[in-house]
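Two complexes come next, and they have one chain in common, chain A, joined by chain B in the first and chain C in the second.
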Partner chain A sequence: METIKHMRVARATTSSRIAMTFGIMVLFALVAMPWWATSGNIRWAIELCCYIAIAQMWNLLAGYAGLVSVGQQAFIGVAGYLLFVLAQNFGVNPFVAVFLSVIAPAVLAVPTYLLLRRLDGPYFAIGTWVVAEAVRLATSNIDYVNAGAGMTLRVMTQYSQHEREVAFVLLCAVLLLATIGGSYWLLRSRHGLALTAMRDNPVAAASQGVNVGRLRFCIFVAAAVGTGLAGAIYYMAQLRITPGAGFDPFWASMSIFIVMVGGIGSIEGAIIGALIYFFADRLFGEFGSAYLIVLGLLTLVIALYARGGVWGLLQKLGDHPWFPVRRKLIVEDKA
Partner chain B sequence: MQWLDAIIQGILLGGMYAQYALGMALMFGVMRIVNIAHGDVMILLSLIAVSLAGVLPVGNIGLIVVIVPIAVAIGWALQTFILNRVVGADPLPSLIATFGLSIALQNLMLEIWSADTRSLPNSGIASESFQIGSIYVGLLPVIVLVCAFVLTGGLDAVMRYTRFGRGLRAAAADTEAAAMTGVDPKRIYATATAIAVGILGLAAVFAALRATVSPSDGSAQLIYAFEAVIIGGMGSIWGAFLGSMVLGIAQAIGLRIDPGLGILFGHLVFLLVLATRPEGIMARKK
Partner chain C sequence: MSDQVLLSARGLTKRFGAVTVVDDVTFDVARGEVLGILGPNGAGKTTLFNLISGDHAANGGELSLDGSHLQAEPPFKRCQRGIGRTYQVPQPFGDMTAFENLMVPAMLSAKMKEAEASDYCAGILADCGLLARANTLAGGLTLLDRKRLELARALAGKPKLLLLDEIAGGLTDAEGAELVELIRRLRDRGVTIIWIEHVLHALMAVADRVLVLNFGVKIAEGTPDTVMQDPEVQRVYMGIEA
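Coming up: the complex of A and B.
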């Protein structure tokens, strides 16, 4: 009878250490961008960061909490609008207002969830769309925010271009840390275990003592806040918001495409998907509707044949997680 | 009088929505599938009808006779080649698949028909109206409403009394148990979707006669159909019809208050129903 003398629990892998080092380097490179990159590249970086953040939040919702939403644009729009109102009409410093603006999505998410939780699965999805449409139409009818004509962020002219760029890359770094870092932290915590259990089977998770309803509610609000922050930063960089753009259902299409192609239910998938979408958009965006037909068909094919997306295919080649959430028991045999 | 007029126009508008909603109620209730491309398929059929009308001088009735079989074929193919692969306990794959299909269809229609709005040539019916008291009622919307009513009654009867209807309800209640008793769920599903899209074919011709259609209109029709089904009560065919009436009246009244508020009022009534009577107005007592 042999007893195991030495064992330890490991989570980090070689691949995760490389990924973490690389990730930190990318963050530093991002923050240093105003000193080495062109303004055009910085604009692209802001856009890419917003895509990653929005997709990551959608992944948290659909991939883990089982809440498929096609109405995340509601949170993008309200956060954007609150930022514009605070900065333009109340004279709040826009870089402070961008953080205050997440109040709007948080406040909207609570009644939205409480209303829609009665609908399950697909019904919930279209319900979120209805909410987004209702908020869009309501916004188009409010004269205080210029109704359908939208608002312009004129206060930004008081900052030089360099100042703005420095602030934007810092905001983007915060955004990535909050969404990717936040998701990773959440998944590694006690709640992460519950979330993973919920992803695999909500009923079984509930039977193990997971409060599925409350966890879903928290995730829905958290995802709304993350999505809203990304939206506020995005429209701050655009300097302009209209109901048609801020509440564009295309935000939902984009999230779905990114997460499905990249690989649902993993942090890596959303990042890969966002990169694929971003570069595909640069390369093929000029083909307009033909390009979108391909995107749509690709989403369809992935839903039919390759549910794991690109990350799922990569996983088949070998288990090299960038953000490992599993724990591994390592037994060291000294004898 | 103005409000009575709004209610009558709302009911007539509801007739159009009922035609969108019936197919969705059938697919929803039976397969628990939400076809996100529902509205886009309808628009596709409308645009095909508009293009066909330019080539085939068959009249409106003839057009319906041509379009409905096309619609049935599209529905059957949709179920057999796509939806049957994703139907199951997990709603995500079917949702994502039809979402992708919806984006692809919308943009395909943009490529073929461009973003212009189109409608069927005005053949007299569309502009004829009659007067009740001081209220004018269009002939075409009345025909649409009557068709919707007949279709609802017919579909309800099919669900209740035919062998197919029994198979459908059995497959909806428990797919595996139904399969054991000799029902082929996949075939039943394909027939159900064929019927659902077939009804959309009729709706498509009416929609193109009544107003204009353009490739990006599909999502709005999907949302109206969905709202009607939920307001009425899931799984109830007559519920979808009543829900359509409620939605139509809400939109017509909103439109009277302010032209920008019509559709918003529909959404608000939907959310109100969800808050106060989430099982829908026609839900069976539990």
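Coming up: the complex of A and C.
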């Protein structure tokens, strides 16, 4: 029997240090955009940040908690609407209201989860879609929020274009820190260990001390909050929200595409997938339905032949994580 | 005696539809004891473990650990209360390394801090002969190493009651002897063990008492020698007709 005299646990890698440095540089570049980029580029950056955040939250849900939701648009819509109501109807500063707007998805997520928690796999997915549709239909019939006609964020006219752009890039930086940074922090913590175990084998995880039910609930609510914040920022930048847009099932299909193509169950995968989707949309969006068919086929090919997505393929070339969540045991001296 | 009892089962019953898999089984396990469980395939041994660990809910009977009831508690709570288990068919966290597999119960069941858990888990990996595979993904381990990992992971939660489900199958004589030594060491440290095993010489070398099940019913209980002399056990388990 071996006896260990000295050991340590390594977590950071050279690749992660490079990625961290690059990430910080990207964040600074993002925040500085109003001084070097065009308004069009800033709009693109806001959109991309929202895609990354929404996909990252869906990745936490489906990739770790095993909760495949096709109804995340419910949280995008309710957060967007609460922002518009607070800013437009109650006179709350919109840049404060955007943070308050996450109350709506959090409040909606609790009964949604309690209602759907006993459903498995496809039944859970259908349940989330039903909830999102129900919320969309309800919103379409509430006169207070202009029913189907939607709302416009007129209060934003009090700010100059430059002020708005500065605020938006700061909000995007906060969004990325909260969703990517939050996921990274979570996955490195003891809760991340539990979450990864739950992803691999929920029954065995429960028998090893993991409170699977509570963890799933917390992830569902946290993902709703993160998704809602992204939705609120997105529609704040659009200056307009309607039930058809805010609760559009497109948000769910986009999340599924991004995470599956990028690589489910990894922070890197959601980022790569979002970049692929964003640039594919910019470059080939003009081809309309043909472009959507190609995206669908790409998802199918990945699902059939490369379950780990693009990140999984890159990992086969070498283990170089950008966000290392593993614990590597290094025995330095043994007898 | 009651102070000495760690686990108490009274009239434990489990039915799957019309089939009664565990039928009114009553037994006690004393602290520091090694209780062996024998029985032919389908006798209800693993189901009995599932009832104790909470993977299955009992249809009847009572179960208590340290004098307080267990029935209402979910599996994670039972684990946190000190029940560690292995599965007959290994259930590793396949995309986590062997070391990370152990960190799960160490941090979430035994509630150790990261540094303490790391030290502890590394020690267990060494004890179970898995140190060289510490950073190998559990899904890539051989069946034998997966079985070792099952035991190591169960130990990482610092259990006071350890449920071992056929962990000696497939081991060589030397490995079996090492396993028996490990189990003795655990018992000496005060861990109570219930061990389902078909490798009789390994079980008999370490068990203080043996309980025999057949079609879910307890047919014998006692010291290994007495139980193995029981004509009913010989008939059911070894096919020896009196």
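In this section, the second predicted complex is superposed on the first by the 324 of 335 C-alpha atoms of A that agree within 3 Å, B and C clash if a C-alpha of one lies under 4 Å from a C-alpha of the other, contacts with A are read in each partner's own complex, and residues count from 1 in each chain.
Following the convention adopted for this analysis, a contact is a pair of C-beta atoms (placed from the backbone, for glycine too) under 8 Å apart; a residue touches a chain by one contact, two chains touch by 3 or more.
Values in this document were obtained by computation on a predicted structure and should not be read as measured data.
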Query - Which superposed partner A:Thr196 touches (first chain B, second chain C, both, neither) - result: second
Report task. Could you look at A:Gly40 and tell me whether it touches chain B, chain C, both or neither (first, second, both, neither)? Result -> neither
Requested in this report: Could you say whether A:Leu329 touches chain B, chain C, both of them, or neither, answering first, second, both or neither?
Outcome: second
**Report entry** Comparison of chain B and chain C by chain A residues contacted
**Finding:** B
Query raised in the report: Is A:Ala205 contacted by the first partner chain B, the second partner chain C, both or neither?
Result: second
Query raised in the report: Touching A:Gly121 in the superposition: chain B (first), chain C (second), both, neither?
Result: first
Query raised in the report: Which of the two partners, first being chain B and second being chain C, lies in contact with A:Met7: first, second, both, or neither?
Result: second
Requested in this report: Scan A:Gly318 for contacts with chain B and chain C and give back first, second, both or neither.
Outcome: neither
Query - Intersection of the chain A residues that touch chain B with those that touch chain C - result: none
Report summary line: Counting only contacts in the complex, chain A reaches chain C at residues 1-4, 7, 9, 190, 193-194, 196-197, 199-201, 203-213, 265, 326-329, 331, 334
**Report entry** For the chain C and chain A complex, residues of the former touching the latter
**Finding:** 53-55, 74-77, 79-80, 85, 87, 91-97, 99-101, 103-105, 107-110, 114, 118-119, 121-123, 125-127, 129, 131, 134-135, 153, 157
Query raised in the report: So in the complex, which bits of chain B are touching chain A?
Result: 32-34, 36, 82, 85-86, 91-97, 99-108, 110-111, 219, 222-223, 226-227, 230, 234, 258, 260-261, 263-264, 267-268, 270-271, 274-275, 278
Report task. Quick one: which bits of chain A touch chain B in the complex? Just the residue numbers, please. Result -> 62, 66, 68, 70, 115-116, 118-123, 125-127, 129-131, 133-134, 137-138, 140-141, 249, 253, 256-257, 260, 264, 288-290, 292-293, 295-304, 307
